[in-house]
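Chain lettering (A, B, C, D and E) follows the sequence in which the chains are written, and residue indices restart at 1 in each chain.
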Amino acid sequence: MKGPGFFEADGRQMSKGAILLLMGPFFLLVFVAFLYPLGNLLSISVLEPTPTLANYERVFDNPIYATVLLRTFRIALLVSILSLVLSLPVAVLMANSRGPKAVLITACILLPFWSSVLVRTAAWAILLQRNGMVNGFLQAIGLTSEPLRLLYTQGAVVVAMTHVLMPFMVLPIYGALRNIPPAYNRAAAICGAGPLRTFWEVTLPLAMPGIIGGFILVFLTALGYFITPSLLGSPQEMMIATLISQQMRENLDWPFAAALVGVLTLIVTVITLIFSKVFQFDRMMGGRA
Amino acid sequence: MNPRSLLLHAYVYAVLVFILLPILVILPMAFSETTYLTFPPQGLTLSWFGDFFTDSRWMASTWFSVKIAVLTAITTAVVGTMATYALVRGANAMGTLFQAFLIGPIVVPHIALAVALYLFFQNAGLSGTTLGYVLAHSVIAMPFTVFTVAAALTSVDPALEDAAMSCGASRFNAFRLVTLPIILPNVISGALFAFIISFDEPVIAFFLAGIRDKTLPRMMFDDIEQNLTPIIPAIAVLLTLLSILVLLAAAVLKHMADRNKGAEGQ
Amino acid sequence: DEIVIATTGGLMRNTLEEHMYKPFQEATGTEVIPFDIEVPDQWARAEGMVRSGNVEFDIVTATGPDLIEKADILLTIPCAELENVQKFALEGACTDKGVARTTGGMVLTYNKEAFGGKEPKNWADFWNVQEFPGPRGLPDTGDRDWWVPAVALLADGVAREDLFPMDLDRAYKKLDEIRPHVAVWWKTGNQVQQIMRDKEVVMAMSYSGRSLATIKDGAPLGMAWEGAIRDTGYMSILKDAPNSEGALKYIDFFYGNSEGHPPFIQTVGYATSSSAGLQKLPEEEQKLYATYPANYEVLVDPDFEWIGANRAALRERWTAWLAQ
Amino acid sequence: MPQAASPHSKGALIEIRGLGKRFGSVVAVDDVSLTIDAGEFVALLGPSGSGKSTVLMSVAGFERPTAGQILIDGVDCTGLPPNKRNIGMVFQHYTLFPHLSVGDNVAFPLKMRGIGKAERRRQAEQALEVVRLSGYAERMPKQLSGGQQQRVALARAIVYNPRVLLMDEPLSALDKNLREEMQIEIKRLHAELGFTVVFVTHDQGEALTMADRIAILKAGRLQQVSPARSLYERPSNLFAAGFIGEMNILPVTWDGEKATFSNNQDIRLPAEALIEPIRPGAAVLAVRPERLSVAAPGEAGTWKATVRDVVYAGAGSLLITHLDDGSEVRLRMPSAGQANVRSGDTIGIRMPPEAVLLYPSGDAA
Amino acid sequence: MPQAASPHSKGALIEIRGLGKRFGSVVAVDDVSLTIDAGEFVALLGPSGSGKSTVLMSVAGFERPTAGQILIDGVDCTGLPPNKRNIGMVFQHYTLFPHLSVGDNVAFPLKMRGIGKAERRRQAEQALEVVRLSGYAERMPKQLSGGQQQRVALARAIVYNPRVLLMDEPLSALDKNLREEMQIEIKRLHAELGFTVVFVTHDQGEALTMADRIAILKAGRLQQVSPARSLYERPSNLFAAGFIGEMNILPVTWDGEKATFSNNQDIRLPAEALIEPIRPGAAVLAVRPERLSVAAPGEAGTWKATVRDVVYAGAGSLLITHLDDGSEVRLRMPSAGQANVRSGDTIGIRMPPEAVLLYPSGDAA
């Protein structure tokens, strides 16, 4: 029932030369601003100080780096799960709404999406301050007498990252839900399934590519997230991005930083490959339409 | 409304509050008279906007960001449309490679990309230059532009171009006179996406900031880290207005695109 | 003609601009382009510049250990040829790889209202969470990989003179004690001001200049100078700097511009190493600065040679401990 | 071949009473009343937008009527949700659940009814056998051809022995050969299992060959409900006459006995030519092209006509002719025995009075 | 009605010589040679995937043949791009430029030819008049119905007076009534303007009624090129016989004079029954259902058969019968005069020898 994907040609063939001419600038751009720099960085990780795998050995020898990696995984996973829990019902309602309600929900999702990440992070910094709104609220309802320490904690990072990354979860799920022909719901109903049963047995499995896609997207983005942890987090609970940045900027240990980037890139690539079937970015962003 | 639906609505609206709250909270602070941020804001002043518009550093970085974002938008629109066209209209074989290259910059953590670019641009003398930014931002904005354009392009019947050629148009004219006008709204909204992505890019800018020129996000990052004055909410207000404008523009464009496509019938 | 000076932004840059850059520009016609950057970032940049041979900074800001650690990329300063430096600089201000700009201390700063009249006096008190309860703030910037272990050793009873070479095992054992009580690892001077002002912490290791600024703003803060770490910022010149001539001229001008020093010191909260500097302030005010003799006496005078030589290990140990 | 519901039928009786459905200002269905006997096979036929799907969806429970009632076996289910109606349904685009195997698709309704796994599998396999797809249970839907998929959909619709089977253009997505094969399959199942069928189609041939009775809808209103033969041979109004098959429509003057053409030739019509009494005056004469035949020009009782075109169409040929007054008359005849008629010839048209129908003029076009 | 190209035709002569086209390992078109006379109307007919579109697209210049040549009026244009061929083309889905008004759509080819604005408008209006859409120039395409859109497409294809008009299933997206209307429209234009037409369709009825000659393709190879009548009445092989119309196919034994069925009944066939010489032995007899008729059982020269089903289908009825040996034979007869035959009856089938064709057995199915 699905049409051809974006990347399946359906037009009449163009000549090889024309294709190269048209694709050339794209590949050049990607080469200059992505492939080469990344390759160059990774080459440093194995070539400096001498051709060696020592930098990678260090990543795994010193338990602290594994700790940071694991923590990063844990936080990214937590953020993804939280995003999913928050996003799924939103996407469901969004997909089932028409008219002003649909516009309202879409706007609520999209507006923050398009307002600066920095602004949103700053907003959380303000909200979570010692004398900020959240503490004020908690004190007002008597949950705590002393203001709690909320800023510069892992909790702050998780909440803010969830907030920032949620649209990346909502949109793919919404897209997947919208792509389910309503006829399936009817078919399920006529087979005797009530609304909940239909959702569980039909809608959810059919939306799974979108759900997994959104989950992976959020997870991958969270893995390498830099802004929010560095502004709201504590170095005590450092994530991999901060570690890389620190190795790069403070310790000036570029080969080692490159090795960390290499490990991170490898992990991300493996995850992307494993889920490449469902990780179809085009479809996921198709949800915007 | 049955209880199940009521529950769903309640949950969703609670989530929407969670999404909107931070922004709703930060915006009024732009009008606060205090030099630090508290809620509720105290007093009412527009002086932070004044500060923003009169401080040469903020202004310079804003214009710098605008310049980069405009160039990025143009670059992605042109390069992305060319490549997408080639792909949708034939380069089947390169599809996988293309997609890998396209998605790479999204899934590879930006910190990694930033570090890599930093190193390379440092060596190539591109660090902090407009060209450097435009290259970097184009790569990360490209997927959004490409998918917007591809969505339009795949829904344009390739037979339209055949028809144009059978009418005597060359392949290029068929594209220029038929396909391009039809997909133009999407190309522009793709460019708008790229603009916003570039304009709001903090991580790469964090590493690439040049001697003289800093992008607005980089300035904001510094201010958040160092001062956190109400100038940030003031900028937030301005950015929100800009986003609303852009979203409206995108909505209008989408409407136009639908109108263009409508005629294919069936 | 222009020179690029890399230094921390905010107050420091603003004040330098007003009292030094502008007069320098007026006097010589050489434009100063200030580049706001935290010191570690600055070195990363510099490293990249040197690697690529495309050096853009003229003057960089160096801390004591940097003078040792980064010696190969720094120009040797011809102290003898700088007239004004010869004329105004205090003893030891001009070294091979850098000329002192400002001196402050990493000082224990506390909230006077937090402990019911009791006042912590030294790092042992910082560690004493029974008597001085409340969240602590410690730096996560620049030189914290030796600052923090150093004060931990002091808190553990090591005498100032015996600090170096540091017994890191002992230091980190002591650090484990305080770790749960550290609420904020601050990254910038503004941030430490903010956490003190907003009472996010009751006690913090802070730049003395920042503490001073906060006190001037009216915050009820006190500083305990005992065991504070001397923190001198040096002006250094990168090898292959585009305008090392101009850079030297600026350094010389910095010392020659005597009437600029007192207001500069007052605004920035750090003393310069010029004989035309701190001494020109009222005695009462001088007490707030690290170089005031009574304060200077109780400062830790770090062994830059040792630190510079062991920097990599210090950092690795720090990262490992902090992120564990 | 009208085929009465077999007496041992297990189909349900469906009563549609005064059904109405509006969408905003659009009246999709307007006062439709129709009783479908237990085990009967009824086709809903009509132009696009005439409300066929809306009627069917109201029976299924997907649309809530704005007026009227739906009774199944005497039980009012107007307000019942579809999952409570125990009705089988086949949709136009198969709508097999793409994430489930063929077997699981067919077993799905059983699962919803809480039947155990082993039993489900057994019954599903049985249903697949009925549609001649045993052995396909493990495949995924997309590994099947369109016709096979539609057969699976059929199996899923009948696996729980529903007493009613609804189908909304189930064959329109299939190509000609598959469509014919499936028509036979559906008829066979109907005969074997005896459920009541309501079948929506826009293909008149399909309706004529498959259904016991055909209900013609136009703009939401029921026009005629009859078995195929009487629908074709005695359409109750001009709309039905024109909608099913080809029909020559000629204006005449009716005097109660004879119909007079504009050229003053007339034809005496038997009483059966009138579906309903018609007042003398302007009327419309209808006759099917295949009931007309070619005679020598001027032969008694024939109309003189000029041949404008002879269109060869395989088994039959079409003669397009003009009467003197310019009105067009079409004739269909077997190609094989075709008189050697050519474009431009003058011929006589023989019109057997028993093949003629008369309608009031101004009747629905 | 085979209709020779009018002598004052302005159509072009198209010669397709040994055309071949591969897509990777798929052979889409295999050695197709076909000469289309100036002003002729040729339909390409064949199952899906048989290469119809590929042949057409090669003529248009959109596909570059891997073998063979295309000559238009004797000029080799095999390598010429489509925009240099001066050919008119109509596509299945109208393909009007959605962002241009109807007038601008029709004027588009003129614009490409550098014709001035005023002249463009005049000629476009003229072309719209030809397709009976004058006054629609200002509308946007989507404000028109499907049939109107296809008429605009037609106007755009003929506005620059091309000598060849290619059409790829131009009517398949239209519903039955519109399709018939457009068939007439296209025939009219062809007769008036005299261009050469190559028309792809998968609808045999359309091909039979519209084309001067029909070319049947199967798996990229040409099967037969003939006028409608000889194609229907003397298909040159079993594939063509089965593809066009219905055909009863019965295995027989051929001794050079008589065909003997499995029940030992035989039929003596005239020489014309053989399209090509057939060696004695197993052969296949083909006869169209409408050529068979019902006789009393046991009547001389008839086959005994049992009626399995009588399917009423409006104008005609279908009799599905079984011979003794179980093979199925279908008969079509007019519903009106239909003998009163019922399911289960035993009847005689009369088969006129002149209606019978004989093919070698094992010929393409």
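Basically, a contact is a pair of C-beta atoms (placed from the backbone, for glycine too) under 8 Å apart; a residue touches a chain by one contact, two chains touch by 3 or more.
Which protein is which chain? UniProt says A, B = ABC transporter permease; D, E = ABC transporter ATP-binding protein.
Keep in mind the model is a prediction, meaning the values are calculated, not measured.
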Subunit D reached from subunit B - shortest hop count over touching chains: 2
Of all other chains, the one whose Cα centre sits farthest from subunit E: C
Chain pair that, of all pairs, has the most C-beta pairs in contact: A-B
Centroid distance [mean C-alpha coordinates] between subunit E and subunit C, Å: 92
Whole-Å gap between the CA centroids of subunit A and subunit B: 17
Separation of mean Cα positions, subunit D and subunit A [Å, integer]: 54
Between subunit D and subunit E, centroid-to-centroid distance (C-alpha), Å: 27
Touching two or more other chains - residue numbers and ranges from subunit C: none
For subunit B, residues that touch 2 or more chains besides their own: 118-119, 162, 171, 225, 228
Contacting residues of subunit B [partner subunit C, same complex]: 36, 118-119, 122-125, 127, 211-212, 222, 225-228
Touch list for subunit B against partner subunit A, complex: 4, 8-9, 11-12, 15-16, 18-23, 25-26, 29, 37-39, 75, 78-80, 82-83, 85-92, 94-96, 98-99, 101-121, 135-136, 138-139, 142-144, 147-148, 150-151, 154, 158, 161-162, 171, 196, 200, 202-203, 206, 217, 220-221, 224-225, 228, 232-233, 235-236, 239-240, 243-244, 246-247, 254
Residue ranges of subunit A in contact with subunit C within the complex: 62, 64, 67-68, 129-131, 149, 151-152, 234-238, 243, 246, 248-254
Of all residues in subunit B, those that touch subunit E in their complex: 157, 159-160, 162-171, 173, 177-178, 181-182, 260-266
Subunit A to subunit D touching residues, read off their complex: 1, 181, 183-184, 186-194, 197, 201-202, 205-206, 208
